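Look at the two complexes coming up: subunit A is in both, with subunit B in one and subunit C in the other.
Coming up: the complex of A and B.
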């Protein structure tokens, strides 16, 4: 059994001064401040040009739009921070879990059992990928391959047909509005601080950060670096499971064609949030802010009748710009 | 690292998978089985993970089997470049093919592949996407939906429902279309606008094919315009399902405050039967696949194409005959069905009931 030392001791010991937690914290705060400032500026511009933009109703819609991407981006932030880049199977795992949940509900397994089984499967789907990555496989190739596997399996489970749940038992999960706020938004708003607490205040979080910041230092401190990939991917899997359940519950049906473009949206949220691609720096709050920023921008463009071509161009440019900006900022500080 | 990984492994892996898919019939003795058949039909189309396309495939396979042909369906993802690559590989394989059926993902961008297929000398039957003017010499016949007619039917039904409604006076509304670049989407939009010139379009937005995508788009537009929306046209009923949910969340009652028309029965009929949709058009994916294979067969059998367009009869019980030559344009019927349960229950086309043609 390995003992666990404070993050500063471990980083200093192993990295030869390469990783300073205080610097990392400062960088995280700067990145967060930049995204918040960008959100405020965008909201101001949007409000000035579009009368309905800064209404309560519209902001609720924006949060709702950010929610599914945001929940998965929270999980993805763990993967990126742990130094494993991205999981390119998030969209497909969400599709598969939607189909599995739909299938279980239709087969009358009941809501509770269907929920538990789907989430277990989602976690397992993430854990298997994480386990393989922990053994040394490339995270991009591994998750790309599993993406194909999950999509294919979703196609098999659904037989390329709509799986109708055949019951309204799950409807509230997809369409409920406690206190006027959609359930998906509640999940996003609750999970964001929770994800931050896990990363900042728990041993699991510290393993993730250290593995991403400096693998050699983490190893010399007695941490199992491979554990980080396993943990990150498992948590991401659970987030995908929540998204899948929510989608299936919302329309009472699931099909193997859901979540088009979700992988890009999630990666974009992580990058726009300013989480370091090389790992070790960032927080789930940044990913959540990234998702909110993209949703706000998309909403502004939609209300102003931008064509879909322009919308894609703007978001793509934004991701490229954010990646360059944060990369330059990091290099300057080094 | 990300870039290196994808370049080093991702593309070759995808290429290998594609090559394996194309070679597999040869490797597993498909050729031997084909010797007993009348020939091989090769279909290029977007992925069957979309339930409409999966139904199309079922119809095509059923008719090919019925006519004694083998059929190979090469699915691409929603990516024209991938489909172009599949065409090149299929042609390069030298496989003996009796007829190609071509369903591009991006019609205009796929013209190069269409030209390449036509150069093989094998007949090419275009399906689902209405051929682009100027490409006529590259294809033998078109078989499938008439997107213009489909939208026109939906527009007329909406105008009629507006005139008959006691609760809503139709004026301004929204159009939610298929994704940008998917030519069937823009064809339908044009035809809808032309057939309902008195309806004012507040906004038209490309969205997707599924309820989730329709919801994502509509839920953002509706709050800004909820006091003025009186109608919504979506290009299929799945998109309409998403719009209906967004309308309800904004306190608008579909069928009473806002009239919604999808125009293509697709997926679930709950919103049709509860009156949220004013009705639907039976553009049956199964019959479109069936008819595409039949048109190919009719050409192979006669080596002739008749000029002009034909609308295949909307006989409730009997499918169209396999005899004779196909026309240049062979459109499947698109009969309108009201949201009355009795109409839905009694509906039949070519011997298939509504539920079989629409619930998938």
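Coming up: the complex of A and C.
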């Protein structure tokens, strides 16, 4: 069984001509194209009506805003693509890692050790959830429970008070601007293509996609489907760790009420990016674009004095609209 | 419309699924108080017809008259309203609710129920289905499968169903339970209701049916009085003429033994099974649903545990505790449901074809695009899937091409044993012949092949050796060329065993 007969004329083989490959390619690009178009339209409208909108300084603000949500949305896109919907513990894990990082820094463990220990903890926090989901637990319920656990632990670690880092050693991580771009944004800009490459080009990334596309088929093809949930949640945990560290470093302190509403923002980024909820389709780049779009919209509304209530209303209806647009249409195509 | 006692009249019913014609201008009629058996091989169209009648599928053309009135049946509730009830193999019993609650489920005639009132309402229906001795307050989940089936029938009777469709009602039942279900069918017919009885078991036809309608390749034949038939004539009608050109030439088998089973027992088997399979040989396991044929390949493939006996692959003991183990040993297994676990519908064919062979296209954990394209193109070429379709989603392909993908992806692991359940289910006639040719081609190249099929033509046409199964037992193993179609059909349906003492 080592060699296969080449068939001279494959063009006439198979039955029927029901398929045009260009159509499928187009359809797969459609979600990404819609988000990019929406970004451009929003930027155009914003620039026309609000003079301060399309300035370099303001765009840096937007990118920085998008970065925290965006980095976590990259991790979340892995979870969604692996067929495990969403992890509703991202916000809580980010808070907990901020508190742990603050605590370690205050206890004078030094920057390097604190960084490594915090990231290890963040990865472990994700991996434990991923392991439980891999065993067959429901992802939403599991992560909801762990969210409560992480939040409680954050209160315990911080004793509900501000943890002052007590040193400027980490400050550069949160406020530095290499080449004029904030560190968080560097992380976002570097991690986005990296996340895409891992998913697209590595074997483990392929296993994750296939397990998300059809878990039963992946299992009967001999793939370790448990790896998918494990990888997705672990990477998400690391992303949450990065967000927590950067927030603690930026403010010089950690507190248990950071990142309010982050879970919703991250889920919104994934949905607005048009990633299919049932898994097996989509790319981290879509989540990144979704995060950028929401940050741009938020910024536009802030500059135009929308109240927080209106901002939330608008973003909420945007997510509902994206859900209708992408997800109902995708289902109809089946 | 003149009345000739027909409660149901379907005329010119046609139905296509994509490129597959399931029914072509089929006529069907049913008289009051009769039991009509529907017979036909898999894919002959009988399931499609009853689904159209039950409102689960819509016909592309044709008319349906019920009680002389033209009806449009577009949903199960419209069908039920018209008096048609469909009892499927998958029961819709709610296990934690009581028998009485299950019967009344979904009927909204009363807002408040007391246990006594419920019992009074359902008692008549329970008596009718032979469950008169059951306490209607028992949770339905505590009943046997046969009893649950009868409860389901009682529920449909309580909605005043005049026409009952029973789709292989006895497939999952024991002999004693089967007798009970048959008795109920006769009682209901005597009461003036009409019953459409879909079955694979010829014996049952003689025992309970008044007439029989035979389906073949999407056509139906005029109903025949069962009294005027015997088993041999029924088999003759059922098989029709052979389609010899569908099947490739057999090769000669002289290779070493690849797979040896000795006294293997597994879930779904009632007696141990032993056989040898040689290099280049195609073994067909023939049997209906629940016959144990599928249980054998599932145990070899590591899908279900082997409970006893030994399996040897290339003379070495094989202990596949999981599908992964079996794959590592060079065993490829295709289930009978490719949509469920055979293809990745939302991924392209490159990814589908290479999915079991990721190590082969990976260098140091990184996928090699070149190797992936090469492997997928080779497999596509071998299975005659057009190369320009490799970029398309597997879900967009026809059933035949999907099956080629589900089969073809396994060649990437260079298997020595290929196990296939129902290799051409849901595949149109043209692609069927191609798949047979490819399976024979693989055997000629030295692959040992075992396939399970409830399609007797397929078994006789494709296999070198045939093993017949009936109710968890291996009936016999014989060379396909020495097996007559009639013998095969008898083996897998055992008409005499079932109909012993019947009117045949």
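The criterion applied here is as follows: the second predicted complex is superposed on the first by the 305 of 334 C-alpha atoms of A that agree within 3 Å, B and C clash if a C-alpha of one lies under 4 Å from a C-alpha of the other, contacts with A are read in each partner's own complex, and residues count from 1 in each chain.
Rule of thumb we're sticking to: a residue touches a chain if its C-beta (ideal position, glycine included) is under 8 Å from a C-beta of that chain, and two chains touch if they have at least 3 such contacts.
In this text the structure is predicted, and so the values were computed from the model without any measurement.
With both structures placed on the common chain, the touch criterion links A:213 to subunit C but leaves subunit B unconnected. Legend: residue contacts after superposition of the two complexes on their common chain; A:106 is shown touching neither subunit B nor subunit C.
With the contact threshold set out at the top, not one residue of subunit A is in contact with subunit B in one structure and with subunit C in the other.
Residues of subunit C that touch subunit A in their complex: 18-19, 323-324, 327-328, 333, 335, 340-348, 351, 355-356, 358-359, 362, 365-367, 378-382, 384-389, 391-393, 395-398, 400-401, 409, 411, 413-416, 428, 430-431, 442, 445-447.
Considering their complex, residues 1-2, 5-6, 9-10, 13, 47-51, 53-54, 78, 179-180, 203, 205-206, 208-213, 215-217, 219-221, 223-224, 241-242, 245, 249-250, 267-268, 270, 359-360 of subunit B touch subunit A. Across the interface of their complex, subunit B is touched by residues 50, 52, 55, 57-58, 61-62, 64-65, 85-86, 138, 140-141, 144-145, 151, 154-155, 159-162, 164, 175, 177, 247, 250-253, 255-260, 277, 298-299, 302-303, 305, 307-309 of subunit A. Listed in rising order, the residues of subunit A touching subunit C in the complex are 1-2, 4-7, 10-16, 18-19, 21, 24-25, 201-204, 206-207, 209-210, 213-214, 216-224, 276, 280-281, 334.
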